[in-house]
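Look at the two complexes coming up: chain A is in both, with chain B in one and chain C in the other.
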Partner chain A sequence: MRGWRGAAALPAGAAAVLALAVAAALAQGGGEAPAAEPVRAIPDPQSGLEFTTPETRAIQEDDFQNPAFLWVEEGEQAWNHPEGAAGKSCASCHGNAAESMRGVRARYPAYDAKKGRVVTLEQRVNICREEHMGAPPLRIDSRPLNAMTAFIGLQSRGMPVQVDISGPARPFFDAGERFYNTRRGQLDMRCGSCHEDNYGRYLRADLLSQGMSNGFPTYRLKEQRVISLQFRLQGCVNDVRGEAPPMGGEEFTNLEFYLAWRAQGLPVETPSVRR
Partner chain B sequence: MAAPIGQPRVRLPAQVRAGEVIEIRTLISHAMETGQRRDQQGNVIPRDIIKRFVARFEGEQVFAMDLAPAISANPYIAFPFKAEKPGTFEFTWTNDAGEERKATAELKLA
Partner chain C sequence: MRNRTGRCGAVVLALGLAIPGPAPAQGGTALVPYEVVDDAIPRPLTDRPGDPERGRALALNRSKGNCVTCHEMPVEADFQGNLGPPLAGVADRYTEGELRLRLVDSKRINPESNMPSYYRVEGLTAVRRDWLGKPMLEAQEVEDVLAWLMTLK
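Moving on to the complex of A and B:
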């Protein structure tokens, strides 16, 4: 957010005082008083599709040519395939995905009251597998899990991203925002250094996007496979020569939650195609 | 060890008139491992690509293509075809190990 850059420019002492003031405000809040409504640095976000080449766009806009649909088909088969000790498939409980999963990708990540934290779509699939199917969880960013989230995500295609950051979800959102705005790596960059301050400009041969997450999971031409958002986030942190936290961990899950809010209003493009 | 050839997808236009030139489109799931890459231990990952694609219409070869290691994973192949009569297409993808994967599609004329 714009305000953060201002804070970073303050002398160290002033920043410390500011940090104390923020901490005090948090302590007083105690969860009762509604937290101030966050303001987006990019009020009218643009999808990553706007930053791709015409050739890449052509692949995404043709469902036959889009190789991600190989994953979607695998996900659809898995949806109807019983697995685990309970002998159930996804369809045993959720029936027709076109109806039951419509809108799910648009509102995830979401706060889970039972878990007491925000969970991603990937984690939700694994919770279902472990608790209802008696099946082992799928490895984050593995082909079967990406196939399932691509299939589920497709059911929300075209619907606007809309996540709920209110109430108990708010601390997780705030943690995600902090991660987003923390400079990291040997290059000492925050996410916004590229995706807010310099989008639309070239970083060598790469046209920088706004880093909107509405197309994930996405078929990435570089990887020649469908990738999850958190795999891409690891790439981003590695690119600034930082040490990436693990996929599926708390930091990236909160960040993914924050990113979904940044992209709010953009249509779900799952499964998109990107460079 | 060659990985099994994945699921093929084939699409023909639905409404075709006799004499019309149509586009036949195919896509197949395959890693197209180049043989140039190394794994984390430094060992060369052996080459494993689809090296040949053949399309037959009513048993007669109408399109064929040799593929090379530089072709991306999940190769998409499309070619034009002049539809004269209804019939059956048979598509064959062959990998380095000589294993084949086949798909068929019916051409119907309006």
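Moving on to the complex of A and C:
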């Protein structure tokens, strides 16, 4: 059985980083103890792509076969299309997405100082719509919103996931971590019960991956549509017969933030393809 | 969360060697009491003996045992999971009483176990509304699955 959270010895690198952080804190002399540097249970994560079948992989690796590119095209059109009371499109403020949106998906979710909390890419799009365009927010996991995040996400393809969990973002990260590690539902399992203790094993016909988020939004063959990460998360909670929190709510937003940190360093693969 | 309150009850129960079973479930049907002795529940939960045929069906049924999602079993079924150990020969490795406890509440043996507790309703978090206060298997169903497990020699 794979060792789980905290059981195995720290990898040498992580231990060294930890030691340095402690030394630095001591050198500053007194003051408040900084939040200890979190250590990943899976220090060398693997993308969900590594756990898909050759057939699914082939679809993902060919943009002409990948059905998610229909969504990408819709997103691109919407990018240039003025909407709302201010008569503006995304392009009015952000110009060419290939330049202005490059790297955005890699560093989201991110702390928003004005809101005083962490926001997902979906929520960021809706903040722009409401505050800058005078347009109504799009429903989480709706086709137009998934189209927009697929288009924006594509501009970061290949870039390493790199979210900032420091400073004021840290409590939201901690809340996400707690959610991840809380056993829930009638089956009483934590996220890591499947994605840390048992990746590489089969749950009926499903090969369990490490539950990495770097490919989202993803085209799900079973649903025949592009799905958002939080739709997938509702599925996982539902599978353990747990009561899933609402998409776009605080709990899943914090969880998504924590998941991005777990996937730190993996290339953005938006839009990926899954069974 | 109203279904979180059973924790202390569960802790108290885990202390003794021979102890009475859980209190009635809030809201749902009351669980029948049982006694844990060492590593086992020696006495059946019901008077009617388990039916191995029904037990086999329950083990395959998605909305009941669904054991095949996590265990390879010596039965005809596509896509058997391997999150847990294979169940072939399990009756050679354990006594009936030991298997009963593993089915009823595996976490009594190993709190980090990912084997679900099939006859427990307390100490759980955020259970889906339609399952709240209900065990995964009824007492007679536990005995049926157990009767089938005892045929795996």
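Everything that follows uses one rule, which is that the second predicted complex is superposed on the first by the 242 of 275 C-alpha atoms of A that agree within 3 Å, B and C clash if a C-alpha of one lies under 4 Å from a C-alpha of the other, contacts with A are read in each partner's own complex, and residues count from 1 in each chain.
One rule holds in what follows: contacts are C-beta pairs under 8 Å (C-beta built on N, C-alpha and C of every residue); 3 or more make two chains touch, one makes a residue touch a chain.
Note that the structure is predicted; figures quoted are calculated from it, not measured.
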- Message: Tell me the contact category for A:L208 with respect to chain B and chain C: first, second, both or neither.
- Response: second
- Message: Touch test for A:Q65: chain B only (first), chain C only (second), both, or neither?
- Response: first
- Task: Name the contact category of A:Q224: first (chain B only), second (chain C only), both, or neither.
- Result: first
- Query: More residues of chain A are touched by which chain, chain B or chain C?
  - Reply: C
- Looking at the overlay, does A:T182 come into contact with chain B only (first), chain C only (second), both, or neither? second
- Message: With both complexes overlaid on chain A, does A:E73 touch chain B (first), chain C (second), both or neither?
- Response: first
- Task: State the interface residues of chain A toward chain C in the complex, per the touch definition above.
- Result: 4, 182-189, 193-194, 197-198, 201-205, 208, 237-238, 241-243
- Touching chain A in the complex: which residues of chain B? 6-7, 9, 11, 25, 27, 29, 31-32, 72-74, 76
- Listed in rising order, chain C residues that touch chain A in their complex are 68-70, 78-83, 107, 112, 114, 116-117, 124-129, 131, 134, 136
- Message: So in the complex, the part of chain A that touches chain B is made up of which residues?
- Response: 64-65, 67, 69-70, 73-74, 221, 224-225
